[in-house]
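Next up: the structures, one after another.
Two complexes are shown next, each including chain A; its partner changes from chain B in the first to chain C in the second.
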Partner chain A sequence: MKLELGYIHINDIQFGPESKVQGDVLYVNKDEVRAMLLEDETIASVDIEIAKPGDSIRITPVKDVIEPRVKVEGKGGVFPGIISKVETVGSGRTNVLKGAAVVTTGKIVGFQEGIIDMTGPGADYTPFSKLNNLVLVIEPVEGIKQHAHEHATRMAGLKTADYLGKLAKSIEAEEVKTYETYSVTEGLKKMPDLPRVAYVLMLQSQGLLHDTYVYGVDAKQSLSTLICPTELMDGAIVSGNCVSACDKNTTYHHLNNPVIEDLFEKHGKELNFVGVIITNENVYLADKERSSNWAAKLAEFLGVDGVIISQEGFGNPDTDLIMNCKKIEAKGIKTVIITDEYAGQDGASQSLADADVSADAVVTGGNANVVIKLPPMDKVIGHPEVANKIAGGWDGSLKEDGSIEAELQVITGATNELGFNRLSAR
Partner chain B sequence: MSKLKVVHYINQFFANIGGEEKADYQPELRDGFVGPGMAFNTAFGEEAEIVATVICGDSYFNENLDTAKKTVLDMIKSKSPDLVICGPAFNAGRYGVACGTVAAAVKEELGVPVITGMYKENPGADMFKAKVYIASTKNSAAGMRDAVKIMAPLALKVAKGEKIGASAEEGYIPNGIRVNFFEKERGSKRAVNMLLAKLAGKEYVTEFPMPDFDRVTPNPAVKDISKAKIALVTSGGIVPKGNPDHIESSSASHYGKYDIEGVTDLTAATYETAHGGYDPVYANDDADRVLPVDVMREFEKEGRIGSLHRYFYTTTGNGTAVASAKKFAAEYAQELKNDGVDAVILTST
Partner chain C sequence: MKGEHHTNMIIITNNEKVRERYGEDHKIMFIDGSYRDVLIEARNRVHQGQKLLTHPLMGSVKPNETPFKSVAMSEETGPLSMESLQVIEHSIATYDKFMEMKRPHLGENASESLKDDFREIDLSLLASALG
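Presenting the complex of A and B:
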């Protein structure tokens, strides 16, 4: 499967009478977007704001971040099974509005959403401070249940990203990158001497607002399966979860999965990137056993020499991570796992909730318990008071002057376990 | 600004007194630098200077631990230094233990900033790495130049009370305290490179060595449950409505103890969850789902259990450090024992 990504670099975002991409500026007609979103009868009101790199703006509580993309050639459309029809995506050409994003906010659960600071020390920890963000402040109708609220917010984000992406449909991209994976036999013939590597991508699927969708299917109801890496680039995997902000994989992360990018970088040169095994992180022990058995079996079935395993979330999913690692190593396949740590505010505690000697190659995204200070911002988009309640905050985290003292956990994407960032710990 | 005053501790070998045959050399205080001290002075530049050197034979130190330690410490104290440097000891075992012992005593007893340096497999490294910063050096004195390059800046930072970065940045032997820092490459790239090295059988360094995991052996079964006093304890965050003690939704700093005398059922009006790691809808709707007070009361009435303990203990397990959880449990487990509780039902989420 071969996909070309056409990058259209966006360096500014502005409101205007007409939604369009002109040069490196993304213009958005606010009313048009609002009218589109208000078609959903579960949404009472939508506020649309802009947050650019360097702005003295804090966005909270953040639910998801989505990159606008559009299919230019090839089958299907972005976010198949949700926004577009269930056609297999991942081939042809897709245009990307690089540097732009849609950020959704909403007090859905109250403790499972995060913070994005566009400037200051907090900005260093989140990749989304470097983007030109269109922020949707979504208020649901009275009396709505959290699950329906989550659904409404998720759909609003995806719809808006799709709407913005379509503005770039007929633009000739200035930069094009090609990604190609081969069938198992083709790959063997083309790269007989290179080590064969797969990527085991663990998807948050604990349920009850901790869900991820693959082609519209709730990942907790699926067995571990295979997916072509380029399918993710067209939005085959979508985040639908509210978990601790620092190590949840937003839709933006799935679209720009860094393990996939970096494996492609060495593909055909130092390794043969065979494909992606997706597996879930369900709560029942039987599910954990079954899913990890299947992940290991699929890795063996593909006959790979090594795998990279990435995690989402912490605590309970540490068990899934260690099961996957242990069972794949037991098949004689070498593993590297990517996780993050909860070593306490002083860094002295045990970092993971599970461990095994076979996990001897670990990459860490840092200690999420570390306390950070976020200075006040000129403007807050959303609800600043959630800082006292969100995972990583405590009663009194939000100070009178608007500054926040809390654990790194509160920052969206800070200790990402796909290895999206440079943050680490020793 | 005047230079920081440094005292340097070295053994008989590095003082050019002699090798193994002089290892019984008794502690001596000399003004100025001796041997490797010169390299440190150069590296310190205008910031610090070795004012005195304490020399002691490795055998003498280890065979007369208490007296040698005291003498060496008194000598160091007499110079009222701002900073003490011990070694580096490379892979010399007795020298490493001496450096670690002196460094730990300087820190704990004199309260003076101190560092030492040695090879990671030196027995002194394991013994003292959690107590003082030990710069990671090569295994022989041929690594002196590299050792000074790491030790001099680290020593100055420690002396000035500056923030010490992660072991990988500063060059000290990992001391069990996890410190965040920004790597040069993003995590995914490090993972790909680590996998390529592992596949090729080349050396690689894991960023998180697996801990010895604590496995708890279950207690023997309760002999007669119909006579037992049973307590409920949860990490599922069930608290009286309004979370009166403000237990955090993640990384809890404390636990709560609540009286349930006369309570037969936890309702949406009276109890809720403070836990930030799961969908709270169902726990808030009926907190018995996480902390089964209703069922326990029925069992109590039917005589299937002796009694339900008057208090329940609760915290949020979400993102809470193992060390914190251990501390909470040590406290309330003692209280439960004192209150004559026979068994505990621990519920999670």
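Presenting the complex of A and C:
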């Protein structure tokens, strides 16, 4: 399967009378976007704001971040099974508004997640401070249940990303990058001497505010399965995960998975990137056993020499991670796991809630318990009062001057377990 | 996806919403106590040969945030399950680690509406397993 990504670099975002991409500027007609989102009867109001790199702006509580993309050639459309039909994506050409993003915010439950600072020390911890963001502040109708509220917020983000992506449908991208994977037999013929490597991508799948969708299917309902890495680049995997801001994978992460990016970089040179095994992180221990059995079975079936395993979230996914690692190693396949740590504010405590001797090659995204100070910003988009009720914050986290003292885990993407950040430990 | 079918299941919980929703169809051991009390009850039962059916640290809500916890276990006893013992001990250690941090029991001091959100999340996580 072969996909070309056409990068249309966006360096500025502005409101204007007409939504369009002109040069490196993304213009957005606010009223048109609002009218589109208010078609959803569960949404009472939408406030639309702009946040650019360097602005003295804090966005909170962040629910999802989505990169606008559009299919230019090839089958299907972006976010299949949700925005587009279920046609298999991942081939042809897709245009990307590189440097732009849609950010959704909303108070779905009383306790909150996720800060993006566009400047200052907090900005260094999140990749999303470097983007030209269109921020949607979504207020649902009275009396709505949390499930419906989460759904409305998620759909609003995806619809807006789709709307912005379509503005770039007829633009000829100056920079085009090609990604190609081969069938198992083709790959063996083309790269007989290179080590065969697969990627085991673990998806959060535990219930309200903890879900991920693959072609529209709730990942907790699925057995571990195979997916072509280019399918993710067309939005085959969408995040509905709103908990544990620092180490959840937003839709932006799934579209721009750095493990996939790096494996493609070495594909055909140092290794043969065979494909992606997706597996879930369910609540039932029997599900964990079954899913990790299947992940190991698929790795063996593909005949790979090594796998990289990435985790999502805190706590019980450590058990899935270790089960995957242990069972795949037992098949004689080498593993590297990617996680993050909750090692206490001093970094001295046990990092994970599970462990095994076979997990001897570990990459960490950093310690989520480290205490950081975020200075006040001129403007807060969303709900500033939630800083006291945010994961990693505590009573008094939000100071009178608007500054915040809290753990690193308050920041969206800070200790991302795909490695889409700059923190680690050696 | 549902796990293996267990006719003899018991839910250890301190969450009233779980008791209301599952009380008629399932055996419930209601704990009038803390998240940790639920974990300790589960550990005691593991020592007596019962097995964990759900992971005690289900969900990404941190132990110092939510005061509510539900754990599904087999009711029948057998030989000690080392897997269950490891998982419950790791869970208690993780819980205790969070309590040593700067602000334990965030959720216990929360407003009633916030507590209700925590109950709802706990119920939803359990429901994703039980259906």
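Note that the second predicted complex is superposed on the first by the 423 of 426 C-alpha atoms of A that agree within 3 Å, B and C clash if a C-alpha of one lies under 4 Å from a C-alpha of the other, contacts with A are read in each partner's own complex, and residues count from 1 in each chain.
Simple rule for what comes next: contacts are C-beta pairs under 8 Å (C-beta built on N, C-alpha and C of every residue); 3 or more make two chains touch, one makes a residue touch a chain.
Keep in mind that this is a model prediction, so the values were computed, not measured.
Asks: Are chain B and chain C a fit on chain A, or do they clash, once the structures share the same frame?
Replies: clash
Asks: Quick one: is A:Lys266 in contact with chain B, with chain C, with both, or with neither? Answer first, second, both or neither.
Replies: first
Asks: Quick one: classify A:Tyr342 as touching chain B (first), chain C (second), both or neither.
Replies: Both chain B and chain C are touched by A:Tyr342.
Asks: Classify the contacts of A:Lys288 with the two partner chains as first (chain B alone), second (chain C alone), both, or neither.
Replies: Second partner only.
Asks: In the overlay, work out which of chain B or chain C sits against more residues of chain A.
Replies: Of chain B and chain C, B contacts more residues of chain A.
Asks: Is A:Gln350 touching anything from chain B or chain C once the two structures are fitted on A? First, second, both or neither.
Replies: both
Asks: Examine A:Ala123 and indicate which partner it touches, taking first as chain B and second as chain C; both and neither are also allowed.
Replies: In the superposition, A:Ala123 touches no partner, neither chain B nor chain C.
Asks: Please indicate which partner A:Val103 is in contact with in the superposed arrangement: first for chain B, second for chain C, both, or neither.
Replies: So A:Val103 meets neither chain B nor chain C here.
Asks: Of the partners chain B and chain C, which touch A:Ser222 in the superposed model: first, second, both, neither?
Replies: second
Asks: Looking at the overlay, does A:Lys248 come into contact with chain B only (first), chain C only (second), both, or neither?
Replies: In the superposed model, A:Lys248 contacts chain C only, not chain B.
Asks: Looking at A:Leu302, would you say it contacts chain B, chain C, both, or neither? Reply first, second, both or neither.
Replies: Neither partner.
Asks: Would you mind checking which of 3-11, 75-83 or 111-119 on chain C runs into chain B after superposing?
Replies: 111-119
Asks: Output the chain A positions appearing in both contact lists, the one against chain B and the one against chain C.
Replies: 109, 111, 146-147, 206-210, 243-244, 314-316, 342, 344-345, 349-350, 353-354, 369, 389, 391-392, 394-395
Asks: Give every residue of chain B touching chain A within the complex, in rising order.
Replies: 166-169, 174, 176-192, 194-196, 198-200, 204, 206-211, 213-214, 246, 248-251, 253, 276-282, 317-324
Asks: Sort out for me which residues of chain A touch chain B in the complex.
Replies: On the chain A side, the touching residues are 109, 111-112, 124, 145-147, 195, 197, 206-210, 243-244, 258-259, 261-263, 265-266, 270-271, 305-308, 310, 314-316, 334-336, 338-339, 341-357, 359-370, 389-395, 407-409, 416-426.
Asks: Which residues of chain A touch chain C once you look at their complex with the stated criterion?
Replies: 109-111, 146-147, 204-210, 220-223, 241, 243-244, 248, 280, 282-288, 290, 313-316, 318-319, 342, 344-345, 349-350, 353-354, 369, 371, 389, 391-392, 394-395
Asks: Report the residues of chain C in contact with chain A in the complex, numbered from low to high.
Replies: 1-4, 52-62, 65, 83-84, 86-87, 90-91, 93-94, 97-98, 100-103, 106-107, 109-111, 113-114, 116-118, 120-121, 124-129
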